[in-house]
Every structure is written in C-alpha cells, then in structure tokens.
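My questions all concern the structure below.
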Amino acid sequence: MTAKEILYTPIPSAEIPRYAGLSTFMRLPHLPPNEAMNVDIGLIGVPWDGGTTNRPGARHGPRQVRELSSLMRNYHPALKLSPYKLANCLDLGDTPVNPLSIEETLHLIETFYHDVVGRRIAPLSVGGDHLISLPILRALAHRHGSLGMVQFDAHTDTWDTYFGDYKYSHGTPFRRAIEEGVLDPKRTVQIGIRGGVYDEHDGDWGLEQGIRVITIEEYNDLGPDAVAAEARRIVGHQPTYVTFDVDALDPVYTPGTGTPEIGGLNTFDCQKMLRALRGLNLIGGDVVEVSPPFDPSGNTALVGATMMFEILCILAEALSQNQ
Amino acid sequence: MTAKEILYTPIPSAEIPRYAGLSTFMRLPHLPPNEAMNVDIGLIGVPWDGGTTNRPGARHGPRQVRELSSLMRNYHPALKLSPYKLANCLDLGDTPVNPLSIEETLHLIETFYHDVVGRRIAPLSVGGDHLISLPILRALAHRHGSLGMVQFDAHTDTWDTYFGDYKYSHGTPFRRAIEEGVLDPKRTVQIGIRGGVYDEHDGDWGLEQGIRVITIEEYNDLGPDAVAAEARRIVGHQPTYVTFDVDALDPVYTPGTGTPEIGGLNTFDCQKMLRALRGLNLIGGDVVEVSPPFDPSGNTALVGATMMFEILCILAEALSQNQ
Amino acid sequence: MTAKEILYTPIPSAEIPRYAGLSTFMRLPHLPPNEAMNVDIGLIGVPWDGGTTNRPGARHGPRQVRELSSLMRNYHPALKLSPYKLANCLDLGDTPVNPLSIEETLHLIETFYHDVVGRRIAPLSVGGDHLISLPILRALAHRHGSLGMVQFDAHTDTWDTYFGDYKYSHGTPFRRAIEEGVLDPKRTVQIGIRGGVYDEHDGDWGLEQGIRVITIEEYNDLGPDAVAAEARRIVGHQPTYVTFDVDALDPVYTPGTGTPEIGGLNTFDCQKMLRALRGLNLIGGDVVEVSPPFDPSGNTALVGATMMFEILCILAEALSQNQ
Amino acid sequence: MTAKEILYTPIPSAEIPRYAGLSTFMRLPHLPPNEAMNVDIGLIGVPWDGGTTNRPGARHGPRQVRELSSLMRNYHPALKLSPYKLANCLDLGDTPVNPLSIEETLHLIETFYHDVVGRRIAPLSVGGDHLISLPILRALAHRHGSLGMVQFDAHTDTWDTYFGDYKYSHGTPFRRAIEEGVLDPKRTVQIGIRGGVYDEHDGDWGLEQGIRVITIEEYNDLGPDAVAAEARRIVGHQPTYVTFDVDALDPVYTPGTGTPEIGGLNTFDCQKMLRALRGLNLIGGDVVEVSPPFDPSGNTALVGATMMFEILCILAEALSQNQ
Amino acid sequence: MTAKEILYTPIPSAEIPRYAGLSTFMRLPHLPPNEAMNVDIGLIGVPWDGGTTNRPGARHGPRQVRELSSLMRNYHPALKLSPYKLANCLDLGDTPVNPLSIEETLHLIETFYHDVVGRRIAPLSVGGDHLISLPILRALAHRHGSLGMVQFDAHTDTWDTYFGDYKYSHGTPFRRAIEEGVLDPKRTVQIGIRGGVYDEHDGDWGLEQGIRVITIEEYNDLGPDAVAAEARRIVGHQPTYVTFDVDALDPVYTPGTGTPEIGGLNTFDCQKMLRALRGLNLIGGDVVEVSPPFDPSGNTALVGATMMFEILCILAEALSQNQ
Amino acid sequence: MTAKEILYTPIPSAEIPRYAGLSTFMRLPHLPPNEAMNVDIGLIGVPWDGGTTNRPGARHGPRQVRELSSLMRNYHPALKLSPYKLANCLDLGDTPVNPLSIEETLHLIETFYHDVVGRRIAPLSVGGDHLISLPILRALAHRHGSLGMVQFDAHTDTWDTYFGDYKYSHGTPFRRAIEEGVLDPKRTVQIGIRGGVYDEHDGDWGLEQGIRVITIEEYNDLGPDAVAAEARRIVGHQPTYVTFDVDALDPVYTPGTGTPEIGGLNTFDCQKMLRALRGLNLIGGDVVEVSPPFDPSGNTALVGATMMFEILCILAEALSQNQ
C-alpha cells in the first residue's frame, strides 16, 4: 500500500467496525483545506439553514450524514469502480457559518469555496438548506465560467422574493445564480418538480430563461432512462454541477427535510439517473436539505450519504478522465 | 381583491410563514356552519374513532391534518386550477362527537351533515375512523339519492358484525349504507383491496351486491390509468362520493393508521387516479383513518392533507361545472 | 351565562372532547387584536427562532403549545381561582414574523405589542426563542416604565455578542434590555442558572448591573419557598414581568428545547414558585424556547402550556386586584 | 425443586435471556383460570380503553407491560422477600372485552373476575383505563364486602357524568363504586390529586362521602412516609384494594398515559409508599392507564411493570400472613 | 369444530380483539416441541444477534414479530388457501441461545432444530441475525441432504472472515453452509443484491461456486415475474429452503434492520415472488434481521410477520401436496 | 495564545456554532495516542457491548456522546475551574474492538490502555457496556497497584457467571477485578444499588469482600452530601477510579441504557457527589452503558457527556495537584 492510498482511503469496515471511530464523510481522513495536499475531491459540510422558510434543522445535516456515511463501502459494483482508486478524496470539514446573518454566511461560504476551488479541489458538499448552493456556484463559476446543472428537486427554487423583498432564501438560489450569470439556464435541468404552487404564473420565469423543467408527471411518463438522457442532452459537454435536494425523493425515503412533497422520486431511480451522468464534465456537486430533527432515525441521512457516494463515484471518474 | 376572495382564501405562505398562525384546513378561515355565508365547500373534521376494532387514535386525525395542511399551496399545476378560484371554501370546524357512545355519535354526525348539506355546502371531511362515512352518506343521500362511490381502501369495510352481533364498526359502514339504500353497490368501486381475510367467503356479500372490487393484484396488473377509467365507468354521471382510507396506501406512506396492510398503493398513483376523476358528478368526499399516535412524525397526516387537497380541486371543479 | 362569559371562556371539555375543534390557547376564542373588545389578557404566539445559536425549532412552539393547552381546565384548585372569572382572556393569534430577518422581525414584534399594550391588554406570550422577550419588554416599558423581572432560566442571557459582533441572539436579550433601560437590573432576579460557561468572567457583567442571580446550587440550598420570597423582595411592588424559559427545567421535563442543561428545576417547584408570585404587580409574561422538533411527544409543550396557565392565573388575579 | 416451584416460578433470566421466549407477566407460566390449580395470585390483563375521554391507547397496556415485566427479577431486597416463595402466582391471560360496547365489556370483565375470585385467587390486574377497576371491585366486594382502597392518581375519578348523562367513563368509576356500596368512601384514600379542575365545586362530592383526598400540595408538605401512615390509618385492617393509576406519577416517568398532569409523584416515593402498605389486609390491586402509543419507548410500561411487582410482593405477603 | 382445529387455529380476531391475549406467532397456540403432537409446521423464534457486525438488536426480533403477527388473518385471498386448513401449525417458542458465546449458541440452535426436524416438523423461523440460518440449514440437510435455497437479501452473506479470521458472522453463513455441503450453490439463488462492496473481487467466490446472483439492477430489468421463474428454474424440484432477510427490501419498508441498503425491493413484489414459489419442494424457511430498536413503530416487524405468513401459506401447501 | 492552548482547547462555540465541525469529545482536537505529545488526560471511546446480557446498543455510545458533548462549555462555575487550564486534554479516538469475540476484545482494550497509561496519560473513557471497565482497571492497576473505586450504578456487577459458566459479561467485571487483585474491595464503594435481584444471597459475595454497598434506600436516607463523604472515607488518599454507569440514574434521565431500573438517582445529586470527590487521588474514570438505539433523542448521551465533563474537571484538578 502506498502512502497515497493510506492517506486517502476510508477506514476498512471489516477491520474496524463501522460504528467505531470518529465520524467523517465516508470514514475518510479529515484535514482542513490548507493542510491537505494533492486532494482531488473535497467532501465538505455546510451546516447552515438560515435560508429556510418553514421547518429548520438542515444546519444539523452534515453531522448526521457523516455518521451515516460510515455505512458506505469502497467499491461500486454497478459502476465497476472505486472512487478512491481514481481520485484523492478527503473530508475537508465544515465551512464557517454564522447562524445570525444570511449576508455574512453567504460571504463566508463563498470565501471558503474560492480557496478550495483555487487549490484545484472539486467540492462535493452536504448542506444545509438549498441556499448554500449559491455561494458554491459562484466560486466554481469563477474558475469554470457559467455552469450547467442537473438539479434533483421537488421545487424549482427560482422564486424571486419572500416575506416582502427578501432575495436570499432556500427558494431563490437559482434565480440569483442565473441573474448573476454563474448558472446557465439553457444548460440547467430540473427533475422531479411537483406540489402545489403559489399561483398559475409561478413557474413562468424559469421557463422563460430556458430552464428545462421535468415535472414529476413528465418524469413518470418518460421514465428514468429517458430523463437521464434528456439531462445529458441539456447540459452537454461543458462544466456541469449536480445538486441533489433530498426532497426530490418521496418523503417516505427522506422524511427529514424542510419542505416535503408527497408523490416523489424513489431512491433506485435516482441512483440510476446519477449513474447515467457518468462521462459528463462534472466539476462538483452537493446534497442538501437533510434535516435530522425531523428524522431522528437517520434514514434520511443514509439516503443522503448514499447519493453522496453515487456522486462521488461519477465525479471521481469524470475528474480522472478529464485530467 | 374582492371581499369574497379575502374571506375564502388561504393565508399566503410567502407573507406569513406556514408555521405561523392557528391551524385550519388549508389555512382557510374558520367559521361554524351557521355563521358561514355562500360557502360551496365545507372542510370538516370528525374527531372520532369509536368504531375502531384494533388500534385507536383516529380521533386525533383532524387536528394533525389541519396542522400539516399548512404545507399545501393554492394552485394545482397538474390540474391547472386553483380550487379557491372556483369555489368558496371554508373550515367549518369539527362535528360534535361523544367518545362514550357509538349510537349518539352517529346521530350527532348525521345531524351536523344534514345541516351542512341543507345549506348547499359540499362536505370534504377528515376522520376519524371509516365508520364516520356512514352518517355523511346518509345526509348526502337524503338530498342526492342513492350515491355512487369511489373507495380507496385496503379493506372492503362491508363485513356484517363484530364481537358478536355489533353492527356498527369501521369494518361495516358500507354494508350498512347499502342495506339502507344510501349507497348504490352497482355504482361502487373499491380500489386497493388486499391482506388476509377471515375466511374464503369473506368477500362474497359485496360481490353479490354488485360492488366492483379491484384487488391490489388486479390493480397492479391494470395500472392506475385503466383502474381510474374503470372507476369512471362504474360510477357514471350521477352523484358520486369519494372516500379515501389512508390504509389504501402502503404503510410506508401512512404508518399512522389503525389497520395497516403492506403491499399497498403509492401516493403518486393515488394522486393520478384522483385527478382522473375530474369531470364526474362529485358531491363530497372524505379522508379517513389518519391515526397520529402511530405516526408522531406527521407524515401520514401530510399524505392525508395532500389527498384532501387533490379531492378539493376536483370537487371544486365539479361544483363549478355543475352549477 | 352572560354574553361576556360566552366570549371569553374556554370550550368545556366535558361537553366537547379535548381533542376536538381547532387548537387555540386554552381552548379560548380567537380574534386578532383589532377585532377584540374589552380584553384584559391576550394570549399571543411569537413563532420565531431567528436568534437561536444552536438547535432551532422554537418557531414551531406556539402551535404545539396551543395543541397541548387543550389539556388545561378552568379552575386552579391550589390558588382557588379561575382566571376566566377574573379577566377577559382571548387568543390573539401570532405576531407577524420574518424568518429571513432578525431586524425586521424585532420591529414587527415590537409594533404588534405596542398595539396590544396600547389597547390595555396584558400580554401572555409563547415563543419562539428568548430573543422575543426583548421587543415585548420594549413595548411594555413604553407604558409602564423600566420593568422588574422574574426569570426562570438555565442561562442568564446577558451575553454581549456572538459570532463576531452580532448583538441580537437568544443569548443577549436582557443585556440589550438593560442597556436600553427597559429592564431594571436591580429589580431582576434569575432562577436556575447553571451549566458550563465560556470563561470565569462570564457572569460578571450581569452581577455588576445588580441582577440577583440564583444559581441552581444556591437554589437547591435555599429551596423553592425561600427563593420565591427572595424574588418577591427583589422585584417589589412595581410593574413586573415573568419570563419562563423552559430550559430552566431539567431536560427530562422539557427535552424539546434548544440548549438543554441537565441538573435543572422540577415542574412542581416551578409551579410553587409561580404561585408564590401572586399579589405582585404583574403586567405580562411569557413562556419561551419550546422546540417541538426535539420533542415530538409533546411533553415539553404540555409543560409549557401548564406554566402558561399558572402565569395566567396569577396575572389575572393581579390585574383584577390592581384595577 | 418441587413441582409447585416449577409451575409458579418465573423463567430464570441468568439461564434464558430476558428478551427470549413469549411475553408473560413476570415471565410466569400462563394458563386460563379454569385450567389453573392452587393459584393464590392471578396476574390478569384487561385490554380495554372504552371509558377514555381524551387520548386512547390503554387497550394496548397489558401487552406492553407483559413485555417490560421481563426486566423484573425474583427477590425484593428492600422487602426481603420473594413473592414466588409466598404465593402461587400465574399469568391468567386477558379478560374478554368488546371494543364496541361499554356495557357488554363491563359485564364481561365482572363475570371474569367473579370466576377468579370464586376460585380464591387474588387478582393483580393491568389495564386498560381506570374504568376497569369498577367491575373488578364489584367482584371482590361480592366476596369481601365493601372495600377500602388506596388510590394513587392525579385525578379523583369521582365525577358523575360526561358528554351529557353518560355515567361510565374513566373519570367516574369510584363514584359508581361508592354509589353501589362496593367501595367504602371512609376507607378510601387518594394520593397525588392535582391539576386544574372544571370548577370550584368539582371535588365536593367525594369529600362529602368521606374520601380522604391528599392533594399533591399536601403530599409534598407531608412527605411519603407520613402519607403512607395516613393511608394505613384510613384503610385499617379490613379488606383493602390498591389501585395505581400511572398518571399519579409525573409524566416524565409515565408519558404514555391518556391524561398526563405535570408536577406529579416520583417513582421511588411511590415504591416507598407501596412497601409501607405491607401488613394490611390486601385482597387485590391493579395498575392502569398505561397507553403504549404515547410512549413507544416502553418506559411507561417499565414503570407499570415495576409497580406491579411491588404490589405483587406486598399482596403475596399479605395473603401468606392471612391464611 | 374438531379437536385438531381447536388446537392449531389462530384465535379469531372478530371475537377477541387483535390486541388482546398473549403474543404468539399468528395468534397460534404455543407449546414446546416435546409437548406438541402431530405438528406439521413449527413457528420458531431465534432471539440472537451475536453474529452482527454493525448495528445490533435482531435478538429482539422474535418478540416484536410475534406482536405484529396479531394483525394477520387466516385466509390468503390471492393464493386462495388457509394454511391452517392444510397443516397443523404451532408456535414452538424460542430456541435456547447464549448472548455471550457464538460457538455455544450455534450448537444450541442446531440441537434444537435436529429435534424439530426429527419430529417431522417443518420449521418456519424468525431471527435473529442471518447467521441463525446456518445451524437451521445443518439440521435440515441432515434429513433432506444438500439443500436448494431462495434468498431475498441485499447482501450475499458469502464473505469468508471478519475482523481478522473470525469465520462466523452474519456476513458468512452461506459460505460456511456451502463449504460444509449443506447448501448446494448450484441450486441457490440470491435476489436483490446491491450496495457498495469491499473491493472488485468481493463477489467472485460465490459466483465461482455457481450461485445465481440477481443484483437489484438485473432484478429491475427483469421484473419480479421473470425473477421468480428464474428462481424456480434454479432450485428445481428438490428440497428447497426460503430465507428472507428483511434488508432485501428498501429501508423505507424495513428501517429496523442492521445493515440497510437503499434502492431495494418493495413489499408487493416480494409477496408476488414468494407466491410464485408455490408448488416447489419447500421444507422450511426463515425471516431474519428484524431489529426492533431501530424501528420502535413496529412497521419492520409488520413486514416481517406478513412475509412469514406468505411463506407459511406456500410451505403448508407444499407439505400437503408432498405428503 | 500559546501553542499548547491552541492544541488542547475545545473549539470555541461563540465563534463556530456547536453543531458545526466534526464531533470529538468536548470539541477537543483528535489524535491517536502515538501521535499525541504531552497529554495529561486522554478522552477515549470503547465502542463495544459484547458483554451485554439483555438489550444491546452501547457499542454506539461513544459516537453519540461525542456528538452531545458539543453542548459542553469550558469553565465550570461551581468548581470554579477550567479543566483545559489545568491539564492537556485530547480526544484519543476509539480503542480497537472485535464485535465477534469477547476474549480478543478484552485483550485489545487492555493493550490499548497499557499504551495510554504507559504514556502517563490518565484515561477518561466512554463505553460500551460495563465490562469495558475490567481491562481499563487492569492497565491502571499495572501502574498504580490495586485501586480504589467510586461506582455509581443500579447494579453491583459482581455476579459470578451467566448462561452457564460464562465469566465475562457486563454483570461480572468487578468480581473479576477483585479476584485478580486489580480492585481493592475494601476501598470500593457502590452508590445507587437497587432493583430486584435473583435471590436472597445475591449480594453476599461483594459484602463479604468488604465492598461498601449503598443501596438507593440508604442513599435516600443519608442524602448526597453524606454519601459523598462516606465515599471519600472509603477510598481514602490512594489511587482511585471513578466509574459512572448511567443506569445509576433514574431511567427518565437515561432511558437509553440496557438494564434500566426505576427509582434511581437524579442528575443534580450525581453532579454534586462527583464534585465532592475533588481532591481525591483520582487516576481515571469512565461513563458506561449509554445505548443510543434506546434513546434516539440523545438525552441519555447529553447526561453522559455532562457527567464526563464533571469527571474531567475533578480529574484535571487532581492531576494538577498531584504533579
């Protein structure tokens, strides 16, 4: 075993039980970004839910996803790869946050990711509410230019304002990102959209920008294979981000979330779609809206950890192919 | 905004957060029937589980469904309508009940609904165990004549007696309703029937009356579209009631219920089937058997509230078309 | 029964079961302040936890306290009084809040209470995190002058800043209130203070202002009778507020709270101390930090509702004596 | 080991783990009354909550108390006795009940206990709601004459009617028992009474009959030793029943109950008081109002099982001394 | 009703409510093997989880499955049979176990099953972790020769060693069984295999032995009908065992298990596949890995109990046809 | 700030929220023993419950205690000290364990502690079941000679064997330790002993060795101050270990434990007694039997973390005085 493998490999669960030792993402070693060397993928927590408009708690997401990620193993038999053979992976810890200030926290997160991206580390993050994707996208777009995005979600998160003229909440990140040019709406696809909306013109803005919105009804007509193919078509070969809001799934899979909508996706089909994104020019991803207080059993976090592992596999492969 | 819209419109959740304010169905205003004017649809709770033969708790259903219905929004993007634009909707509160007397409670409920129906209000109710449907059907049949019914359920609820010769329980309402002539068995369809039964002749009576029973096995062979078409064929164009027992769903969706049966329906397909009932001559509906003590998470009630919203949409449309 | 009694009396639970009907505080009628007439005590929810530094969720407190307050009855046999015979009581609903802005919410709450106090209504509130006491105190001091206060709490909540120089959090309300002159530190007593602190000078500021801090150690040495007597001595005969943070209690009584500290007060002794405050010049009170996501059983809210009833009784008596 | 010891002794937990085997009370053998020979004490479940006015679920009590009673051991070190050395003990199973009829169930229970008492078996029962004590008392009084009673409870359960003129609920059993002469009010003591009541004359009837009511306030002034002495004085040397409503305890000990009242007794003091009843002329007892749906953890049932063991010890001793 | 029907028939739930009486499997009578006469199928608990490598708790499985099996009824309408008409069924209790010794427990279990099988009783067991299948297979193979097996599982359980060279854990039973010749790998089919594995050669051994491994990906491509047909083809007409690890199902159905893997089977399709095994030469079966501490709601045990009933039906039919 | 303070000081919670970052004991830095320099006190997890005779789960204790210890702060206002000013403290991670072997695990743990103790690090450990104390005591006695011990516990844990002649379980560690001479029974005091026992001679062995057993009855007569004085008298001035089994507390404080006994200690009095042990010659301690699956709320772990902090304070002071 080489030094590199020692450093960037999960603790083996057939030697040290999964319930033993400190909780890190995937049982990987932990170092802060400035101490980490030759890292390809950084697994990062963003413990913050200041953008939440209804049920809070996603600030506790990173900790519980770390704990449940101890159930993951190293080799993905369906993709036939181990991400740890393809990329140096590390738990980079949590970003700084301020629970008392949206503005400062957006700044703190963005600064953290500028540093990470500047070190040529591809970020794979766990929220936190969906507003955390905005500063991450800003940092990535700073390096890669306007990004494509595959978004699994029950909601478009392209509303304009809440509670008067408040522009930063977990219902608005992608409107802001498009306005700022960090997200390319014509290379953005949203999968699983459903639930009641505020009024009949609710989704107009996003569609006008050119976002490809695949509602749950269209999704169920097309099936996961065709939807994944459509997603590939939309984002094309340019740099693409994957954002996975766990409320895309039916709440039986992820009850621990702030804005559950029944009638959602199932886990296997999401795994299938994520795997179908292999070969794209992926430059980062996140899993958001895991809210442990609403699911003390940890099942939501188990789903989150597994989706994180799925994204880790396709991201590691993409990075290894694009080197 | 007109006076009418002010009165019959939910509190807007982008102005007042969903967790704020008193819990009413759909965040609608609340008035008792005798104070409500020009109401088209009355949302009503029936907090009673005196007909329960195993696990009680459905008496707490209306309160938790009210709470979770705060997650609903106004516009249904798949049906492309807002019920509040089509009908004046109001929370009429709970019926009187007596936890110490089945007989008196059946009388109290029936009297309440005679009043509601007499005011030309279409009732959309939340139980309570399934026995509550009997007095509601009586009041509706008094005005509309013998009714058709689409029943989502794991059980036929057409048994004769329990524990000796007791005729009123949540396993018997539709036998009583057919015997009394308030329900037309030839215009009754039951969807999702499954689970072990007492003996091989268990379902004979219902079939002999002409009820169309679609077991889970037949359902899975046909699929939701064909089943909904069959349901439309059975009930035809005459007055029809929709009753949704949450145990029709697999218990992963609705663990908080008294008689769970595994291997059940999923939420999306139920939403699809409910939507496919649009255009029928609907005159009322209910959601029953939400038992909060068996699901403190509230997910069962969230499903119940969403199904209630689905029925509200097709009921409002039906009423607006039939005026 | 007179018109007044009809309006301001809880729904009788021996006629309508406690689980039936909409949830209001104590099953009282609900009207917004501007529609309420001749109200003496307004029961008010403040659904907001934007000042929380660790575990959020107190925004959901008012709803669950309303639900559990349905277990309260009308007559207090130990105090030998019914608050509803002494004062006109009403559920005034929730204040407006903005989950995305601390500043705006503090303004919204304060404005609401200026209106309430201006109508000569004594407020009895349910939070929300402890920061909500600050705008309430401002409104009350505007009318009554600098206030005395009896505070049940595990923490002094007189820290200066958090996360840099942020001055408004649930750890700072009473420092702000003293700085602003709305709270008189020499007439302030804090009961139940305990738990580790940041450093050895942590409590200096409060003591220098003259606050009477009764730690849990001193409390256990003195006993509840002597502590209540000391509290009466400190606040004297001038206008006094009662604030009850449920984390004053041991977390076995109130696990659903954001900052639990073990080794706390028990419920009976708190009831005893609250009752011993009868006869003081009470002008309002609150119960804060009930966080339902951390206690889905509702026991924390049951404790909150009962403490609210205890305060209601002594407040109603005080108002009736001071008229 | 003799045949008798084999038959009436719990399965030893140092040989067969406590989680193994079927659940019976105390891991005792189970036989129905008509198959049991030479039984001194019968442990009996009464799975019924038809008298419940608020939160149901006590029908599930016997099953969960059986499960948690597997944590009990054989020898009581404080009383220095093993009940199984003093009396032949057996699990007699559950009484028949009818969840659809209060009248029939009261008859079924009473008939069962007439049979048990006729066989000279002293009954130790687990409810079920408190109404189950009424038919048990009837059967015992039929043999022993008007009974004395030590009642641990938050409520007197001597109300007259509910929901109109309904006379049989869990709030009325002891009024009925006194009216019928099966309970002697002058030899009845109620310990732990507290909580709000309906009006100021609420408790008058019981006091007029001569019941000794020890409120929680008086209890806390006297302490458990003096209260137990007072209880002994009241019931004297004649046949006495012990009824333990788990809501006598503070709800932190027994959250799984239908009508929790904060500020209650603690478990150790209840154990102490029960032990202080040794030597009385005890002829039976019960533990009631364990409602598992409101405490899935089983802690309430653990308390119930332990109190059942405490009563078993003093009952076995009393029977062995009175033979 | 004949004597035989009295002895081997579940307590009827329309006469005695499902929540009443002691918990036995399917509400059947209970006798230990040496007291049971003419038994065809023995329902047996194996309360042991000493082979668990991560989350323990399956030792509590038999007790909770017994409790939830009270929800089962007698007649299977899809299979059109009642197992109790076809075979004498009895709850034989739990096997002896030793939580402090793997070796002794394997010996205790095997001895118990040699006795059961020697009495010509077909065993239907509930675990416990999956290691319990090994001693059961040994006893059955002793009589029937090398066995075929249909295994529903997320994991192959054919690993060699854990934590050094430890050969007996719940990840190794079928490797041991194949090595010992009690299981015929060429007549073994594994359905639902998924999740990450330790490395790329992880599954090689089993495939080399000739096990037919149907991964979740292949399963979803083929569908349950084709998979069941394939399973029938593999096991053929010789003696066959059915083992159902509840982690084969998606964790939304069975969260109470030690090693959950998302993206799994659903309950209805498993029921369908089990039913499709009718007519095979079945000689026993088990349901394993129900871990109640990780699902206090009991839903996992409800699924376990229902799968047990499905296997009971096809096993009873198989035995009646092969007599 | 010096280098030392940077290394051995918890992350400040007024700068980085308590829910952020990886979970370590007290938010201290983590290093394995061989990388740690100049450490005075090592905080260590022992994730193992192989000695458990009833309800397992304590293997998950260290992880949840780490998580909840994030609620601790630095300065102890009652003791007027900060342990981090008196001693270099570090999270040393978890010991190796083997869930499949009691013998190997006892060896692995003992080896780990020999290394720790050899580095002059005083260990403060979190279990794990109570058997883990045995190998820790062995390692400590190897350096310090036969030890005194203050044990908070519901059970004496001095039984001889279980399930035949098995000598190593969580009911036997202190019998083994006394037999081996690593524990001095005449300097051992057990506080809080209660609950039923197997037979009347159950406690004889321990008393014969000279252990001072303070039952809960004696404890309640003496009070915590006198008991602590007695404990000091027993252990004297020689090296002493503190072991805190969370089942010493009443299960309302610590429901998440394997063998709960009602009627136990309360948290404040335990804190008081621990503080009263200051000045003794303390050389290590542990907190055991926290079983998270039986308390998903985390309250048990919060109690465990706080008791760990109390012991940390008196241990740090003792070490600083004895240097």
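Letters A, B, C, D, E and F name the chains as they come in the text, with residue numbers starting at 1 for each one.
We take it that a residue touches a chain if its C-beta (ideal position, glycine included) is under 8 Å from a C-beta of that chain, and two chains touch if they have at least 3 such contacts.
The chain lineup, named per UniProt: A, B, C, D, E, F = Guanidinopropionase.
Please read these numbers as outputs of a predicted model, since none were measured by experiment.
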Each chain counted as touching subunit A (Guanidinopropionase) and subunit F (Guanidinopropionase) at once: C, E
Between C-F and A-C, the pair with more C-beta contacts: C-F
Taking each chain's C-alpha mean as its centre, the one farthest from subunit B (Guanidinopropionase): F
Same or different contact residues where subunit E (Guanidinopropionase) meets its copy subunit A (Guanidinopropionase), judged by the half mark: different
Repeat of the B-E interface, chosen from A-B, A-F or B-D (over half of contact pairs identical by residue number): A-B
Chain whose mean Cα position lies farthest from subunit A (Guanidinopropionase): D
Chain centre separation in whole Å, for subunit D (Guanidinopropionase) relative to subunit A (Guanidinopropionase) (CA means): 56
Rounded Å distance, subunit E (Guanidinopropionase) centre to subunit F (Guanidinopropionase) centre (Cα mean): 40
Contacts with two or more other chains, residues of subunit B (Guanidinopropionase) listed in rising order: 17, 19, 53, 55, 59-60, 99, 162-164, 252, 294, 297
Overall pattern in which the protein chains touch one another (line/ring/star/complete/other): other
Each pair of chains that touches, named by its two labels: A-B, A-C, A-E, A-F, B-C, B-D, B-E, C-D, C-F, D-E, D-F, E-F
Of subunit B (Guanidinopropionase), residues touching subunit A (Guanidinopropionase) in the complex: 12-15, 17-19, 71-78, 80, 82, 252-253, 266-268, 271, 297, 299, 302-303, 306, 309
In the complex with subunit A (Guanidinopropionase), residue positions of subunit E (Guanidinopropionase) that touch it: 53-55, 159, 162-163, 194-200, 202-203, 215-217, 220, 250-252, 255, 259-260, 262-264, 294-295
Residues on subunit C (Guanidinopropionase) engaged by subunit A (Guanidinopropionase) in the complex (per definition of touch): 49-53, 55-57, 59-60, 98-102, 104, 162-164, 166, 168-169, 293-294
Subunit D (Guanidinopropionase) - residues contacting subunit E (Guanidinopropionase), complex: 16-17, 19-24, 30, 45, 47, 59-60, 62-63, 66-67, 91, 93-94, 96-97, 99, 296-297
